[in-house]
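Per-chain numbering from 1; labels A, B, C and D assigned in written order.
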Amino acid sequence: MCRWIVYLGDTVPLEQYVTAPSHSLVVQSVRALESTASTNGDGFGLGWYGAHPEPGLYHEVRPAWSDENLRYLCRHIHSHLYFAHVRASTGTPITRPNCHPFACGTWLFMHNGVIGNWSRMRRMTEALIPDSLYGSRVGTTDSEAVFLAILGAGGDTDPVGATARVLATLTDMASAGGISSPTGAISMPFATPPTIMRTRSISGNPAAMSWSSPSRSIPSAPSGRPFHPGAPCWRSPGSRSALSRSFAKAVSRRSDLPLACCSWRRVLIRAS
Amino acid sequence: MCRWIVYLGDTVPLEQYVTAPSHSLVVQSVRALESTASTNGDGFGLGWYGAHPEPGLYHEVRPAWSDENLRYLCRHIHSHLYFAHVRASTGTPITRPNCHPFACGTWLFMHNGVIGNWSRMRRMTEALIPDSLYGSRVGTTDSEAVFLAILGAGGDTDPVGATARVLATLTDMASAGGISSPTGAISMPFATPPTIMRTRSISGNPAAMSWSSPSRSIPSAPSGRPFHPGAPCWRSPGSRSALSRSFAKAVSRRSDLPLACCSWRRVLIRAS
Amino acid sequence: MCRWIVYLGDTVPLEQYVTAPSHSLVVQSVRALESTASTNGDGFGLGWYGAHPEPGLYHEVRPAWSDENLRYLCRHIHSHLYFAHVRASTGTPITRPNCHPFACGTWLFMHNGVIGNWSRMRRMTEALIPDSLYGSRVGTTDSEAVFLAILGAGGDTDPVGATARVLATLTDMASAGGISSPTGAISMPFATPPTIMRTRSISGNPAAMSWSSPSRSIPSAPSGRPFHPGAPCWRSPGSRSALSRSFAKAVSRRSDLPLACCSWRRVLIRAS
Amino acid sequence: MCRWIVYLGDTVPLEQYVTAPSHSLVVQSVRALESTASTNGDGFGLGWYGAHPEPGLYHEVRPAWSDENLRYLCRHIHSHLYFAHVRASTGTPITRPNCHPFACGTWLFMHNGVIGNWSRMRRMTEALIPDSLYGSRVGTTDSEAVFLAILGAGGDTDPVGATARVLATLTDMASAGGISSPTGAISMPFATPPTIMRTRSISGNPAAMSWSSPSRSIPSAPSGRPFHPGAPCWRSPGSRSALSRSFAKAVSRRSDLPLACCSWRRVLIRAS
């Protein structure tokens, strides 16, 4: 399983959560104790919003823990909304274009989970990408294909609906082909300022998706309540996501957290 | 334009043509004077046949000229049939899976040239790859797609016919879509021992393909005449290919050449 | 020969000179037409000053022209003082720690040129680095050794004097050992805000060094005159440096240049 | 702690121990369960003897587990004597020249362990390298410095004595400087055919070194007894080394093992 952080809040250097804390994402990438993968050493990536309308990207095939560039970049790049991802490949090659997050126009996307039976689902999924976006498929992952399919299904104007439609289509196609559980447990944050969305679905069930459209007057939470450690990061009626336990320990040492961040393990979706 | 060597002959260390000579492929990769690209620094690759039935592969995204591993490998790996390729990307990313040569089963393939209008031709070309081979598409290049399409069209039993069919199909599809000159000038060696083939086509014209099925009792040329420097490497009725001029200079210093090798520039197809 | 840019001026995205222009440093790295090296593909680096007191660094062993990260970073990182460098190795390995610029504390340094007879000069040069700074020698280049020797000779408080002393010492040691022209033509910018210095020396002659301590109220030149294209970038009594010819062409298309930038070729030191 | 294998025996493809078994060195590099390091993902290397008098080398900064090249190379390269090493850095950068094994002339060397207080011991150790070998110092590790110091102390003709002298000198210098336990537990195989040596010392005590000079008529053990799984690999009077427990499990499934191989954990030196 991959691990990731989404940060939304005051403009801060990325190091505050990615590289500096004792339970930073990078530290977690080495000692992936709670993970089914023993390590998250199959490349990593950053995506962030700054002065330019399109997000910045940094992808590297080396493990995050030994990349000196990453420490410098996380110290010097400041952002109010960024993604960070450490990869544990489920089979596609370790190349930069296969590292998360993915960008298309002003959108950023990353993914934890796997499209099951990808060898059988691959062509069906790629077929959902419209011609106008197929040139943006620079890698070979399931994640990038789903991202472009969602954008192609209207994700730029209706991200929740488009995601639901794509996941439903994948589920239907899989059923028709006798392929089981194609979308398994999927966790997919994606964003274009000032909108951010995180979906979690199980077997394509779109009810579990959460959605937020925070004003830039963060630290208000989308629902109007301030973010604080351990509290939901994004919310929609009937769902909430909590911080990962290990990350929460690092986070709980800080009392000033207008943040929305999340690493994968122990991200719970509970009825409130 | 990429550059490549195919070697077929006595078992020798790869360094004999790839790294050691003053006009070696690696030296050519730095000073690409006769090329339209100023350098061939967009990754490189080796493919070779040895004791194992499937060929070995070595791909690297760094330029060939600064890769210390390459010098050691070319000194220690011996082969009677190998491919070497230095890449000048025509747009697809610099990743290992996008480096030539490509392998599938016992087949090796590499490519010089470009499928014109690749952004419009890509889906059509990928659609020619049968499901059974689509899992072997690990990169995103035009070259790999054409290779798998040829294998899918029966390339393992009828490589000349399959290549002709695929190129014709691409030409037809392009015409139907109003896309001009899709296959331009293509030079594609591919091999499975004891068979080796080199095609050169212009705008999909398959008449220019050459084909050989040498016995292992090389240095006899496929036609029964011995290989010698400057002579045709592969031949079929009505066509012959000469060595590149710059490579021929290096080659002509050696009088013991039971080889079939070729770098791209100045590869001439002449009626004999 | 390596190529480099130093920028000092208004805070701008790095892309303005590194990646975007038609004669950008990255474009120059591919087609090194005026260079003795045919290409500058042996790694590259960025160093920049921002909110953090210590500079940021980005080093990569791949050529600058094919690094997708570089385009994103240069678009998103803004700085009023940065270094960019494309390397043509003179023999030391292509590793990240051997890529310029080098940083130590708040200092940045890069180098064009070569310490001649480095195999014989290496131990002498390394011996000039004090124990307290030897831990900062993370690579194996002549450039880094000279940088640390200068800092060890008091470079942080008297950079001009320290540079002169180190170059003189190297020249003397070389003479004593019967080694000719150890320092050849050296071009070394180094900086700690608000101080920036560029030295050019021939055979260790320190008279050719230029020095500036610009106020932050750039675009005034250190001497009080505004920077403009083709004008001296840094100056000290008796010397001035002009832009490289090829870079000047790109620069001269822009009329808004509060910059101090320089690429190596055709950097002239003339008595004013 | 790093992990390594030395193989000495019949000529076999490297994959037999490096990549193919379920407890291969590469598998161990991901799940370093018995190690103090959680992973051995800081680069890796191969060194092997073949037709050429000097050994071949392959170094890579990516983790061994995700390097596709490694699988192909281990399948196609055959050797009767090879080294393989997966690195867990103790502080020096992740660069190819810092990856083990190291080669100098016909010698191969690798190292597990660390020179304690390296920041204080570094200059002393480097000072032991004679000028004639200092050009071979292409990286910055403690391991390479010790290797070159041993060769400089006569290691090519008297490897046991030279190793003892260098370790003793380091211990003395450390004592004089008030530095504790400089050489800690060191495990260093090095070889030039037909000689192979493995040392293990604790705090510089050279009594624990083992040494062998096998004839090429392996599988005889140096002492005249055949190698077999679980038996000592190298031996000298009063010491023997057993296979690592985890590796022995893989090995014990094979009954045809004229090998001398070893991975680090649980390598025991016991009085026989």
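Criterion: contacts are C-beta pairs under 8 Å (C-beta built on N, C-alpha and C of every residue); 3 or more make two chains touch, one makes a residue touch a chain.
Note that this is a predicted model, so its numbers are computed, not measured.
The minimum number of touch steps linking subunit A to subunit C comes to 1. For the two copies, subunit C and subunit D, the CA superposition rotation is 180 degrees, given to the nearest 5.
The distance from the centre of subunit B to the centre of subunit C, with each centre set as the mean of the Cα atoms, comes to 42 Å. Chain contacts: subunit A has residues 68, 93, 96 touching two or more partner chains. Chain contacts here are complete: no pair of chains fails to touch. On the subunit D side of its complex with subunit A, the touching residues are 30-31, 38-39, 41-42, 61-63, 65-66, 68, 89, 93-94. Residues 92-93, 95-97, 119, 122-123, 131, 134-135, 137-140 of subunit C touch subunit D in their complex.
Of all residues in subunit C, those touching subunit A in their complex are 13, 48, 50-52, 54, 56-60, 68-69, 72-73, 75-78, 96.
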